[in-house]
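Two complexes are shown next, each including chain A; its partner changes from chain B in the first to chain C in the second.
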Partner chain A sequence: MGLRWYHFALWGAFIVGLALLPELVSKGTLRTIIFANYLAIFAISWDVLSGRTGYISFGHPFLIGIGAYTTAILTKRFDVPVEISIPVAVVVTMIGGLIVLLPALRVRGSYFAMITLAFMELMYQLVQVIRPDLTGGTRGMSGLPTLTRGAVNGFYLSAFLMVSVALSMWLLMRTRLGTALSAIGMNEESVRGSGLSATKLKMVAFLLSAAIAGLGGAFYVHYLGTIAPRALFEINFAFTIIVAALIGGASTIVGPVIGAFFLTLLLEYLRPVLPGAERYLIYGGVALLLYMYQPRGIYEIIQQGLARVRRSS
Partner chain B sequence: MTEALTITNLVKRFGGLTATNDLSFTVADGESVGLIGPNGAGKTTVFSQIMGEHRQTSGSIKLYGEEITPLPTARRIRHGVSRTYQVPRPFAELSVAENIRVGLMHDNVWQMVLHGPDPDRELELALSVGFTEDDLKRTPAELSMGDLRKLEMARTMATGPKVMLLDEVFAGLTVGEIAQIGELIQQMRGDGMTFLIVSHDLKALEPLVERAIAINYGELIAEGSFARVIENEAVRASYLGDTV
Partner chain C sequence: MIQILIQGLLLSGLYALLAMGFTLIFSIGRVLNLAYGSYLLIGGYVYFQFSQVMGLPKLAGVALAALMGVVMGIAKFRLIVKPLKGEHVPVEISLLILAVVLQAAVVLVFGDSSKILLPIIPGVKWLAGTAIPYSNLFAAVASWLILIGLYVFVRTTHTGRAMQAVSMDPKGAAISGIDSDRINMITWAISGALGAVAGVFFASYTQLYPGMWVGPLIIAVAVVIVGGIGSIIGTLIVAHIVGFMEVIVSAWIAPELRGVFTMLLIIVVLVARPRGLFGREEL
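So, the complex of A and B:
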């Protein structure tokens, strides 16, 4: 796996830093960081699938939505406790992941991306039309059970989830499975030509990605206590996930976490200066410039900086 | 002698085009055979059918007596047949060592997760094709065409084949690199590897094969010793574009 002492040191410092955060920042900032944690989980989910295998998902809210709606419906309409509804939501989302896998057996590139976008749109329409008594229709649902009270507890839960997902995926992607999944993104035919079943590997990537999306979606909905289809199945939400992963550094797991924090904090700190939608222009500009400067993202910029320091010392 | 590869009445049609036309031949275990023919003769299509990348329209392909036609590519490779490509297909962002690592993996997700790589075997394969230890960290973008072919050979060898199909293995190589790859093939022949080799470079091919099979328009036009096949009138006509 090639683990070095500084890997442990960096992860340790990151976890300690997160643990101390509620002492250092205001409750308002903490609420922003809770969103960053969930965005990081979604971006990792995207990264495991799209960053690795090159099957670009434009419709990741489809998977997140399955997780979120499953637990919302189970808890709100059937009084199922969250201890059961969340694992069920993860499993149901994994089944959703298999549905997204089907087109990936035939098409890739922009065709696949468009199909995932269609899945998201389809889901948006379906939850409004089919059984609105269950889904809450266009309005969605509110009054869902929440798992924590207050910003501090909400933060700790989201941080714990995010670190667990990030660390486990980071370790997993350092194994030969990570190498094989990356290889799919580079040349699927050569993966087959190396005696490996590309279909099996893709299935693993889709299931992992879906499980993370379902987990994140389910916990997020129990943090918010509400679910609204318009906010969930929105192209801006899908793009925020992709941009977080890309500007952080796709296919690195750590990059999407950095990207999620960078994006969320950037938008938040622009808010007092530009309260309207203009800040999205700045956000888009910053993302574009960063991406043009280093297509491998902030992670690579940090790596190169560290290499320079190492060389000069 | 055991037959390593047995092709019987192989037919492949792409719409109205017959790319392989009732082709039959065998390659014995430990034998090295050249598959020659002009551009478009259907040599690569034969390879693609042996590997299962294209399904034949009809006919049979056996590996050590076992019909491999129903198997997908990955399983054919595990049965012991592997190929290289005319244009090398490396994993662009993986290092030389990681490229070889993919070839060494077993098709089992749990094993991939639970067992680490085998750096000794990776190094051994890299050295066997002529890389140095320093080359292990290089990426394909830093490699010459000759090195890319060597990398492809190493990754193909990593899958543990008994039969290797080499497609235009000398294309784009310098004289020195041709000699190096030729030497490697000779060495592997000495170790008992079975080869089916496609090459336009007949001069480089001649010393590496015991026998040649010539095809044109997907049909077998000559078979026998290399010298006899290239002297064959139909073969010469096919290369020079004459009709026989």
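So, the complex of A and C:
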């Protein structure tokens, strides 16, 4: 896998840094970072699928929503314990991932992006209409069981999840599987030509992505304690996930984590300076300029910077 | 029955207009303009500002909205599509970010609450027990006229034929001496104007609010997928399929389900016939 000493050092430093964070920052900031952690999980999920294989998904909230709604309905309406409902949610989301896979076997590029957008919108409308007694209809559900109490515990749970997802995906993507998935993004025909089954590889990517999305969605909904279709199946939510992954650096796993923290903290630290609606304008503007300056993300900017430092020394 | 026919025709005309600008860009530049909805958003608000707040004549408001669309279209092409060299993923993502930025800008200038546009032509005509607001009728008729004009333009003028050529084969067009940059810019300008005018009509159908760009974008996506690229007539027909389906579903099944069938149609068509009903063979 080509692991070097500095990989261990950086991951170690990152984990220690996260573990010490509650001592260093206020509770309010900690709550913001909990969001950053969940956003990072969603962005990693997006990265495994879209960043790697080039099948851009605009409907990732579709997968997250399946996971979130499954566990919400099971715990709220059927009194299923959380220990069972979350694994079930992950499995159901993986089945949802297979549904998204079907069109991907036939169409590519912008068409795939459009169909995922349609899936998300379909889910948004269906959730409100079909069995509102189960889903809570337009208003959603509240009073779901929460797993932790207080910001510190919530932070540790989300950080643990995020680090385990990030580390395992980072390791997995350094294997030959990751290379093959990247190759699909570059040229699918040549992957077929080298005797690999592109369909099987795509299926693995979709299932992995769906599993992470389901896991993240399920834990997120049990952190919030509420669920509402308008907050979940929204183009702005999809936007935040995609932009986090791309601003950080697609196809790197580490990049989406950087991107999620960058975006969340940017929005948070703009708050005292610009309390009003300007905040979102500046936030989006920064994202747009940064992305247009380097479409491969902050990860690439850091690497280029490091290379420059190394060369000059 | 007649009621459905009338409502379907009115809605479909509007859908055809709002999908056309999106199809043009997708056919010619192969770019999924995710910021297409912001033409409608800005167009609607420009009309609101000039005609309703400042009291200019309504036609001037529509014209200013169209002008704004042209400016935005050219700016998008110049500032986003060209610097990124037309690469799909970066362009599409940048446009998505831009759409969200523009929504934030609208919130900043006009506030979060929704605004109601006064009808372009006040009054209602009753026909077979259906109320037809004159302004909806005007929107449908205007949409039809604009689309006929566009069809004639694309079919008969030199620029229009060059647009077709670029859409079919950019390299071949370049060899025949067509400046594809110029054609692209013209297309982005036309698309912006169509979107902005559609925005005025769409906003007078529903209402004007900062999030109103998502719905039309999804309708445009539906029409492009189902219709396929490179066909004005195809877009027109599919806009009617989508429009009538929505009217029929909300009349006979349930109004809340009106969008569901459109989404199902998209998915079925993409899985069964990825190039769309009227599209050229490619992918």
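Observations on the model:
Here, the second predicted complex is superposed on the first by the 313 of 313 C-alpha atoms of A that agree within 3 Å, B and C clash if a C-alpha of one lies under 4 Å from a C-alpha of the other, contacts with A are read in each partner's own complex, and residues count from 1 in each chain.
Criterion: a contact is a pair of C-beta atoms (placed from the backbone, for glycine too) under 8 Å apart; a residue touches a chain by one contact, two chains touch by 3 or more.
The model shown is predicted, which means the values in this text are computed figures rather than measured ones.
In the superposed pair of complexes, A:204 makes contact with chain B only, with no contact to chain C. In the superposition on chain A, contact of A:190 is made with chain B only, not with chain C. Residue contacts after overlaying the shared chain place A:6 against neither chain B nor chain C. More residues of chain A lie in touch with C than with the remaining chain of the pair chain B and chain C. Contact with chain C, but none with chain B, is seen for A:115 once the two complexes are overlaid on the shared chain. When the two complexes are overlaid on their common chain A, residue A:107 makes contact with chain C while staying clear of chain B. In the superposition on chain A, contact is made by A:54 with chain C only, not with chain B.
After overlaying the two complexes on the shared chain, residue contacts for A:179 are found with chain B alone; chain C is out of touch.
According to the touch criterion, chain A has no shared surface contacted by chain B in one complex and chain C in the other.
The touching residues of chain A, counted against chain C in their complex, run 54, 56, 58, 102-103, 106-111, 113-115, 117-119, 121-122, 125-126, 128-129, 235-236, 239, 242-243, 246, 276-278, 280-281, 283-285, 287-288, 291-292, 295. Within the complex, the chain C residues that touch chain A are 26, 30-32, 80, 83-84, 87-90, 92-94, 96-98, 100-101, 104-105, 107-108, 112, 214, 218, 221-222, 224-225, 254, 256-257, 259-260, 263-264, 266-267, 270-271, 274, 283.
Listing the residues of chain B that touch chain A in their complex gives 51, 53, 72-74, 77-78, 82-83, 85, 89-94, 98, 101-103, 105, 107, 109, 112-117, 155-156, 158-159.
Those residues of chain A lying in contact with chain B across their complex are 1, 172, 175-177, 179-180, 182-183, 186-187, 189-198, 200-201, 204.
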